[in-house]
């Protein structure tokens, strides 16, 4: 029996037929017939492995899916899965394993043992999705690895800012930067995903502060000042009540975390917008930048 | 040796003296000398038990404290402590044990077992302070038992509203009403208290949602929809991002909780303001009511 | 000659023809030819009685309207008219005569004679339209009897709230609740109606306060405190200057009126939205609820 | 028996004495003893006629008031009263009778009979206070005749604007300008006065629209478009919901009325502030001008 | 060879053809073929002179443009150009040369020599475009001569206001009114134009204040108070920071300039909207008037 | 004759006396008598050289000032003046000549010749005051050299950010950072100074953009894109219209300039506030940080 791997572009369904249109790795289109109601196994924009049987109708070869498996849960090797992700999805502008190596280096450079232990525990619990998730469904870093890539650039900004303001606490900044958006992996269901019920009702700020408390409790560290500060940095990192933070930043580190999160979302988006704009012209209106258009100088 | 119980009104300290001025149960004033630095054991506005030794200076009898114990941690019986609290502090307009009986009746009337177990666990952990705490340091219900009294009136409002809107979930409303302000006992340090560091950095909304998750985790219930909804009601009960809720109400019960919390803070405060206003005149400007003044009709 | 009763769905008009497409009581469609310019006698969405003559064109039977009468002013009996209203329009979820009986019972329970007389006078002047009008053209209670049904639920909320806050004045609350939206019958022209010029230039708050003053003047009661307070409740019942109240609520009763008006518009709309939503999913975005979507629990 | 006329500056009252300190027409101070509780007959800042008896205490001549009459209700002739008003109060920068003559000329120049009749009726009902009242208790035109003087300047602005925008309706503008603030005479209790209960609960916009409707009703004109437009201009003349207008201006005349009301309150206040400022310096912060300070040029 | 003058309505371009569709002076349509890429010489909405050669394709006469010249830079006489502008574009409701004569009369009536010299210098530098430019691309005065016509009406308003508030400085008001929008000729590229890069990055307020300083510097007048005040009036004439003024008005003249600019943009737009509205109805929603609709009285 | 140098602390003046109270370099107090009206030569908070004559009154030696010279215009050597500034005033936390050397190094590292020439011209014109001025009269960097020190830290932030976002233009950022606040030296009159008339009417954003244009005009560079962009960065560096920028940032460099200006004002102020706060406590409310208080961790 034949296997085919493809990304679902559209589904057509009538009273007595059900088809899906796929894009294959080589960008070609491919039509596959489905058993009635098997369309509920598919999600548009996602990649699946289809086991096919063939038959002829009016002398044209036809394919029918006898099993459908999401690539994530298929038997394929991890290496092969990653190769396929790269082929089918948009990716961070840096290999995911390099991003991972860099972030884990920052994690290992946290000197405060309490912060290191709690951060490591939360990180390891979410690690598998952490390097696949986008940073946001729209607006900025909306590609595979977006969350991790955004985190890494923010860690570099931490280093840059510490060179000028050396009174801030490096460990707290590393820990909170690594964890600040980690609950997005449960707030949003995937690359082309939607907000989950938990995401809508609690949001990643409250969710992550609960995760940190959970990890700290099992380590017996939930009454430490380190964990209190870490939770504060998480819940305050949107900076303003209006943007969903229940508390405004009240430590220097919390204030900086907000700034660099905001800066990176804007300047990374701006960079990519300028790359597709001619010199002497303005970019399109940019959602993450207050819907402003930006000028690309000729000089 | 003599014992005296009094509320600290003021402390005078110089290079070589240290005194406190007390108010006794019979409203009389009493001066007590302290060992240097013993003033750090006192808090203005709080009641303490003083063990005294007496001596004479220029033929005037003097009293010096040889030990100082906060009434909470003294050897006095619980009955005697409560009698003294009533004598020294402002109290809710209903006996605390009646408030307790009523609230616990509501708790026992929660039918959903998950909600009942989690609510009970969080309630019991905070119970000792729950009936002493004010609902806010300023603005409304600023007296001993204020938190519990405010909660009880809100539970009555839940019953009243359910008579009109019977599609709302009673259990969720009882549970969330009982818990909505419970972390104020850790956010604010006491009747005359100040915000704690944890209170300022996290706030009672996030603190209570963490408490609920902690209790649910130890009961193995943290992945239930009931607990998710309960946490949502807690974090959304200030109604607007601007008022410190990281999420706006997104269930009917959450919306109602916000309304009745807001209504009770306003109408209880208004009642007390009107009681001290003459007919045909306006109250003072009321902080909890947008600084408006309210008219007391003659009719 | 034949009579037919139908609701106007659309009008087609050309240089030398003029037709209307009707829906009949049995939901069937029916085409009627009109004399040129008779289309000005019709309003889309309204029900009319057509007197018809028939003729044949290309062997097809045709109908032409020789007279057109709005159902309101037709010769039909009141009973028949009401039966037809029920058949053609959306209606409050409770029979109109039950709503009327209940509201008039509240009116009769006003003990203060001044308030009772003035309220009765204004009520009776507007009574005929009061039980047909919607509460709003969009947003909430947009059906026949919507205004009266909304008023009745608010009266029940008054009773519920008075059980908890017994210091508020029942008579003032009954009177103002009954009258608060009464001038909507002149502000908006009907069920499918539009704002009238007077409605746009003055609004139902100012219009109703003038109506109350007019009635009170003819009763010689316009200088009483009762009438002043009643007018205040009317003009302040949108609660905020921004929502069109020229004064904010400045009595307890005025504040409560605003709250229950707001609560009923939201919770009645939410009820109906949840009824058409599956458990575990979110409603559509709801205009009257800040465009938020609400979650329907599975529990 | 002696008579003395003076303005009350302060009242001193103890357990067994009660005095008032007056300023006389010649700016001298004068002390008068009162019968206990006669202080309730006085208002600080107002002028009264005192009938005095004299006696000696420790060889000092003393004066005691045996009757106290507000100047308004005293037996003095109208001419004498006006002379005394001028002596004791701040006045508009133009004689009141000239202001009256000018305003009544504008009134007589209203050509539309409906507008003229209704405006005249309302004007005549309020006429006695109209020429004494200030335009506001603080902020602008806070002197006797302030209301009338402000109205007259606005009428001149109407003429000036009509020269440029001749499509606007002169009669409507004259009528509404004359009546726009007329209910301030009942909203505020007098020159040094306070807001009345009616003023606080309804405000002069709603009060005046009711007055217009009352007058129109008794003339049988309350259903005319003229009266509807006049009421609209009155309720919308604060321009924005936020400033207390239940409706925004929706005719050209309504829009202009708002503009010239706003312009005159600002430019008249600015004129007076600049008069007491040196060239090359800034005025004090001006409440009616957004608390801004304005520069007085040297050029 | 043939010449034709037309306004470009649309351009059609394919792999091997390029046409433009024109409107001629007599409103007829005309198709002209272009050399490939000659479309870059055209701007939709602008008038051009086309030199044509003719040929036949399938027996139909065809026209091809061999040269394309914008009407502004063509050889046509100034008189002819102006005649063509009038034929092809919308124009101010008053002949441009009358507007010019009136504005220059105001300019000559500035008595203060410094203000007159600087204003004249800036005016003369921009004069050629000043009488062609619209006042805004959308919203108000969007036609040829709009800028100058708006300026002239504002000058009339200055005269009207000075009759009431004679303490304001006429010279400063004349000068600033003439110059307030002068840099719009460089901020916006023309009648159907778009914002220029300089317009977007600096805006006409900053651009005009730089122009004034440039002119004053070359006259040796840049350190005078007159020039400082003139620059202040320019940068503050949008009245509020939110509307793009870096400083709020801080002289009486600056405040008045803002008011009359705002008044004229609104009342001129309203006039034209009312002209196309029936009595007893409302205008369309008007962008410059907060999107409000205005009522046209029947009276 | 004796000379004394002191900072004026207070001035006492009566009908026939006039004294000043000084602080000397050694922090001692010193009283000096003045000729009547010589107090107008003094400014509180500033340092002056007094030439004294002595005399005896009631056997006490007295000092009278026969001449008064501000230290800036005195005959003292530059070295001596700088020594005195350091002794009498608060200073940037780094020697002024080191700040100067660093800033001039950045200036010399601008590669684009146009930007370098214009920046150098503007810098040299303002250089003398540039190293003495504070960055603001209140809020942040309110000490001698504050402006230059703030500028230098921002230049370091530019370098740090360029390491992460290398697509931004270094030259434009250096030039604009050096010039962004340069007109504060004319907007505010000195260390203890007040806003100047020009500062209030135009503000340092418009003033600096005019200065840049003036310099560019005299170099023949005012039509270059470099100068346009530089002016844009200056006028947009407050980031929002509400904060006084007539245009929002519309290039990446402009956006970054706003961010680092905002960051440095906050983090430098926070640093100094934390230095005077104990671990485990909160700072005072900080004006430049939204009046928030910040927590100083114990960890």
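Labels for the chains are A, B, C, D, E and F, by order of writing; each one numbers its residues from 1.
Note that in this section contacts are C-beta pairs under 8 Å (C-beta built on N, C-alpha and C of every residue); 3 or more make two chains touch, one makes a residue touch a chain.
Owing to the predicted nature of the structure, the values given are computational and were not obtained by experimental measurement.
Think of each touching pair as a link: the shortest run of links from chain A to chain F has 1 of them. Homomeric contact chain E/chain F is classed as same-residue, with over half of its interface positions used by both copies.
Among the other chains, B has the CA centre that is most remote from the centre of chain E. If each chain is reduced to the centroid of its CA atoms, chain C and chain D end up 42 Å from each other. Taking each chain's centre as the mean of its C-alpha atoms, chain A lies 50 Å from chain C. Those residues of chain A in touch with two or more other chains are numbered 197, 200-201, 229, 250-251, 282, 295. Taken as a graph of touching chains, this assembly fits none of the simple shapes: it is neither a line, a ring, a star nor a complete graph. Going by the touch rule set out above, the chain pairs that meet are A-B, A-C, A-E, A-F, B-C, B-D, B-F, C-D, C-E, D-E, D-F, E-F. On the side of chain A, the complex with chain C involves touching residues 197, 200-201.
By the touch rule above, chain E contacts chain F in their complex via residues 197-198, 200-203, 205-206, 209-210, 213-214, 217, 228-229, 231-232, 235-236, 241-247, 250-251.
Within the complex formed with chain D, the residues of chain B that make contact are 280, 282, 295. Residues 112, 153, 156-157, 160-161, 163-165, 167, 169, 172, 225-226, 229, 248-252, 255-256, 259, 263, 266-267, 270-271, 274, 282, 289-290, 292-299 of chain B are the ones touching chain C in the complex.
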